[in-house]
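Next come two complexes, and both contain chain A; in the first it sits with chain B, in the second with chain C.
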Partner chain A sequence: MTQVLVQGLVFGLLAGGVYALMSSGMSMIFGVMRMVNLGHAAIMLTGSYIAVTLLQQLGVDPLLSIPIIVAAFLVVGALFERGVLGRFIGGDLALAVLVTLGVANILEGGQGVIWTSRFYTIRTGYSFNTFNLFGLYIPLIRIIAAAEAAVLLVALWLILSRTNLGRSIRATIQNRSVAQLVGVNVARVTMIAFAIGVAMAGAAGPLMGMLYTWYPDSHWLWGGKIVAIIILGGLSSLRGALLASMILGVAEQFVTLGIDVRWAPMVFYIFLLVVMLFRPQGLLGSVNRGLA
Partner chain B sequence: MRLIRRWGPWLLLVICLALPVLVKQPAWLDMLQFTFMYAAMSVGWDIMGGYAGYPSIGHVGFFGMSSYVAGLLLVHFGVNIFASALLVGLFGSLVGAGLGFISLRTRGPAFLIVTLVFALTVQMLAENLNALTGGTSGLYLPLLDLPPDVVILPFYYAMLALTVLAVATSTFIRASRFGLGLLAIREDEGKAEGSGINTALYKILAFAVSVFFASVAGALHAQYLNYVDPDLAFEFIIGLNMVVMALVGSRATPWGGVLGAVIMFPISQLLVYTLPDKFSGQVPLVELGILLILIPMFLPDGIIKSLERWAERRRRRPRVPSTDTFAPAPVGAP
Partner chain C sequence: MPLNRLSVTSRVIAACSLLAAACNVSTPPAQPGGAAPAPPPTSAAVAPAPTTGAPAAAAASTGPIVVGVSQALTGDKSDGGTAIENGYKVWIKEVNDSGGLLGRQVQLKDYDNNSLADTSVSQYERLITVDKVDLLLGPVSSALTIPDGPVAEKYHMVMSEGAGGAPPVFERNLHYLFFVQPGTAEHQADPFTDYILSLPADQRPKTAAYPSFDDPFATAVVDQARKALEGAGIQTVYTQIYPPTQTDFGPIAQQVKQSGADIVFCGSAGTSDVTAFVQAMVSINYQPKATFFSAGPDEGTNFLEALGERTEGIFNAAGWVQDAKTPGNGKFVQEYLEMFANKDNLVPPEAAEGYSAAQVLEAAVRGTNSLDNAKMADWLHGNKVQTVQGMIGWDAAGRPQGTFTLLQWQKGKFVAVWPKDDPSKSADPVYPKPNW
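Then we have the complex of A and B:
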């Protein structure tokens, strides 16, 4: 029993780290744009596909493909915000959400054409190694994925807390018009924050791909998990997203170990509905943030 | 113009009623049947997504849930789906009201997320509750006891009736205080609330009405295929089609969804059948995705409203050049 509890806790926290990487980008995008990015999970899967292709064709280790993906996705994200999404800010945000839904569809359809609908996973030389921690055997890739996610999250935290850009992003999240008033170039900050969010989603792709199997349609499942996390965390609260990732990661592991892996995603949906009923602003969200 | 507005819909209805007498090919009737189905669902979606300005991406959850409810009623209790469809629709509305109660008391994106998660949840239930739903292998329904060349007719007329009901409901709502309240919510929810509208109640009611049509359509569709499974019943494309058709036609109009369905469904079918097999599975997804990006960018108001605005401008422009303005004399004229 204790064995199961400890295993659930450790595996859950490790998975939670990867969830945090997936959801922090979406949370930040929601913060600056007040818009749910429905393409987030499909963008992540694009990262997974790029990593698996680089590995199979050129033998690039998935961890090394992360910087490549981050660089590419920063550029693409910035261009997309400038060219398409940015137009809707201050206008009809419902349309912006539908645009991101369109992005999800195009990515899913494109992936279906290029990589077909078969299952993929990223297999490296160390995929089946385990790590012995006080008698508990933990797959090495779970630790690597959580560590990599931690590195990227710390980098994001450093950017947000120590740089002028980070201060501008946080100001824009808190109050867009006041940020503009005190001289923040909110249009540029929004573009950069969106690009960072997209890059974080892409960076989560290879890590997800090492731990799970996926196919183009999987992005709905992951999208459902990610939106549940950011609602539980409080939408634009990055700390809330981190906390919610850990809670849901552990809860999911307990359901997987105790009941059945098929019901694991249900944990996310039930948490979401309960939170909506009793604390609609989320764990660490403030009441009036969720406008628009 | 006024004549068209007054009698056009009735003329259209008579033509639609008479069409099966003239068109006998099942393929054409099948296409029309699906066009009506999408038209009804899209007009229904628009009541929430257009009037109230709260786009739902989870209507397909109600479509699929009703397919299962109606299918199970038929398999276990022998209830004919044409008899149960309206009740199943009302059940969908009830669930919709419950979901609205959870997600519509606050403003903002929570609703959108909850609708998405609702669709995923019901699909997962359908997949995993094997004993009840048959799991991934699906649920086979008894066939209708009709000769094959007329078996499509009940579906044709039922979907047509559903479309008529949807357009009538939407027209009625548009002209009512309720509809005005919904439009006010879309424009500025804070001000709407300030002027005494019970915004949460309005939104919940609108959502309940909105999902009714997707629910009835889902019930009928189950019998049309004689089969329900988690992938078919909850195919995301169905939900996307509703959204895109309403966008193409024009949001917040009773006819937008109808126009969108009439334009889009035949085109999608054509694309699926003409493109090579390698792509055809992905075509609807990519097509809808591209439209979801291009329409908001270049035609955000949809066809009907854009045409109306164009007609309005034309009507205001004087036919005869007015006499009090003269073109400057050409330079160098004697």
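Then we have the complex of A and C:
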């Protein structure tokens, strides 16, 4: 039994790493724009579909497709923010959220038309490889996915903490008005932050696709989990999202192993409810501090 | 100005509400024919009187005969739903190419129900009362057929369906419903349990695990198999019902391995959950002696593409195999592959189930020489119909009276392996199965 629990802990932490990548982009977009991007998970699935298509049509390994997707999504994200979403920032944010809901539905419909509604999974030559570590079997793709997520999250952290752009993003997250007063071009920063958030969602796509099966509707399932993670972590707190991802990844495994698999999807929402009641700012979130 | 805490929270709640609301939005990517979404179900109290005579009157028309179907073309049942639908399309083409039915062309009027039962019910109501279709074909799965069957019954319309055979489908003794497979769901795994129990005692598995998708078809198959195997002394060491939203099968695979089960008998939804479950078992090096999945292995090239050589040794049971010698099967296979070409040249059995359901409908129309659904239902209760799945006849509640064939993936082919005297049998079962 101990071995099963240890295995569950390891699986949970590895899954948590991927959850962190999925949620980091949404967390940052919330920080800068103060709105939840309901299209986030559908954007991630678009990344999954592109990766499986590149693999099937051109033989591109899904890990190599990540930089291609990141580059493309940065451009598309920036153009979309500048052309559509940016018009709502500073106005009625509920409208902006509705726009993202529209994006989610359009992407879902488009995916159905292009890739049909059948289930997909990304299968590579190493999909079934596994490591035996002191009696624990750990699938190679879970390690790869967690490692890739870690690399991308560290890159994001370096951008935010070591560059002028990062400082501008953090300043905008902390206080948009004051950031503007001290000379930060918040419109430009918002566009870049949104583009980075979209790119992070896209980057998570191939990893999700290697670990799980999906179809166009699946983004609602993932969207719910991601919202729960960023609220538990503290909206706009990257470290909070990381911590919440680990907690929920492990809790999901333990509930499945110890109670019942049918309870596992509820773990996210039970945590969400408790946090909203007793610590609405989340584990590491605060009113004025965010990604610091 | 700093954002205040309450406003952050309230916006999050608003966003979550939107998300929750959005989760309930049925958004099929494509509504064939650009049709508007179906209206909410009509309550029984205000439903129009049965329209037995209407379709018969329509027979005098020279326009196309319209066959209505609400199908799971998106959502968690879409793999099977699409396969069934493709079977219907092959039949439509074949009938039209050979001059039509009663001298008229046949046309499919279909809606995508997104795998949702309430949507499916309202779409059948719409097909019958608004679109006034002449004939109906059923959706995929017992979960959809259970609520849809009574709609067809209410309007006295024959519902011929190839993939809804769980016990509750027949509990209401519907006169107009006909399940077109050799047997009902609870008997699907009979050839598997027969085969396992035919093994010499020292080779038989001692223990079994029964994970199952939360679905009436899947649980019916599992319950019957478990009863048969337990009755023969094969101990149950694990049971688990998992929800349609299950994406991570790591914990289930760990628990099954921990239970020490010799064989895994899974009531599955389709390629999606089977792929994830097999991948999880492989990744922790769990090597059961046999695995049976109630749905998924029969989805042909999708299944092979998802699992590759890990399909080796996986069991499933169906009423049809691709190289069956039943009358018309060769033509059906050829036409299917022309219309839905795939690199493996595989036809999913679910497509054959859909095609067979349409064959039954056609036989009833030709047998009565009319579109009078009441006459057609009576005719079907008194006759057997030759389909590509074999000769099928029904009891008063629409239960078919035949048996299934055990199939196994062997070297990239899905072959019939049991019963011993099955005319389709082309190989012996492999047990224990090779390691993943």
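Operating definition for what follows: the second predicted complex is superposed on the first by the 281 of 292 C-alpha atoms of A that agree within 3 Å, B and C clash if a C-alpha of one lies under 4 Å from a C-alpha of the other, contacts with A are read in each partner's own complex, and residues count from 1 in each chain.
Heads up, the rule we're going with is that a residue touches a chain if its C-beta (ideal position, glycine included) is under 8 Å from a C-beta of that chain, and two chains touch if they have at least 3 such contacts.
A quick note: this is a predicted structure, and the numbers were derived from the prediction, not measured.
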**OP:** Return first, second, both or neither, reflecting whether A:177 touches chain B, chain C, both chains, or no partner chain.
**Re:** second
**OP:** Mind working out whether A:112 is in touch with chain B, chain C, both or neither, as first, second, both or neither?
**Re:** both
**OP:** With the two complexes superposed on chain A, say which partner A:128 touches: chain B (first), chain C (second), both, or neither.
**Re:** second
Original post:
First (chain B), second (chain C), both or neither: which does A:49 touch?
Top reply: neither
Original post:
Which of the two partners, first being chain B and second being chain C, lies in contact with A:73: first, second, both, or neither?
Top reply: neither
**OP:** Using the touch definition from the top, say if A:271 reaches chain B (first), chain C (second), both or neither.
**Re:** neither
Original post:
Which touches a greater number of chain A residues, chain B or chain C?
Top reply: C
**OP:** Check the residue A:194 against both partner chains and state whether it touches chain B (first), chain C (second), both, or neither.
**Re:** neither
Original post:
Just chain B (first), just chain C (second), both, or neither: which does A:19 touch?
Top reply: neither
Original post:
Is A:215 touching the first partner chain B, the second partner chain C, both, or neither of them?
Top reply: second
Subject >> Contacts on chain A seen with chain B and repeated with chain C across the two complexes >> reply: 34-36, 38, 94, 97-98, 101, 104-105, 108-110, 112-113, 117, 220-221, 223-224, 227, 231, 235, 262, 265, 272, 276, 280-281
Original post:
Which residues, counting only chain C, touch chain A once they are in their complex?
Top reply: 1-5, 8-9, 11-16, 18-20, 22-23, 25, 27-30, 73-76, 78-79, 82, 114, 214, 240-243, 245-248, 250-252, 254-255, 258, 270-273, 275-276, 279, 282-285, 302, 305-308, 310, 436
**OP:** Would you mind writing out the residues of chain B in touch with chain A in their complex?
**Re:** 49, 53-55, 57, 102-103, 105-110, 112-114, 116-117, 120-121, 124, 127-128, 236, 240, 243, 247, 278-279, 281-283, 285-286, 288-293, 296-297, 300
Original post:
Quick one: in the complex, what on chain A touches chain C?
Top reply: 1, 4, 7-8, 11, 15, 34-36, 38, 93-94, 97-98, 101, 104-105, 108-113, 116-119, 121, 123, 127-128, 130, 132, 137-139, 142, 175, 177, 211-218, 220-221, 223-224, 227, 231, 235, 252-253, 256-257, 260-262, 264-265, 272, 276, 280-281, 287-288
Subject >> Sites on chain A touched by chain B in the complex >> reply: 30, 34-36, 38, 84, 87-88, 92, 94-99, 101-110, 112-113, 117, 220-221, 223-224, 227-228, 231, 235, 262-263, 265-266, 268-269, 272-273, 276-277, 280-281, 290-292
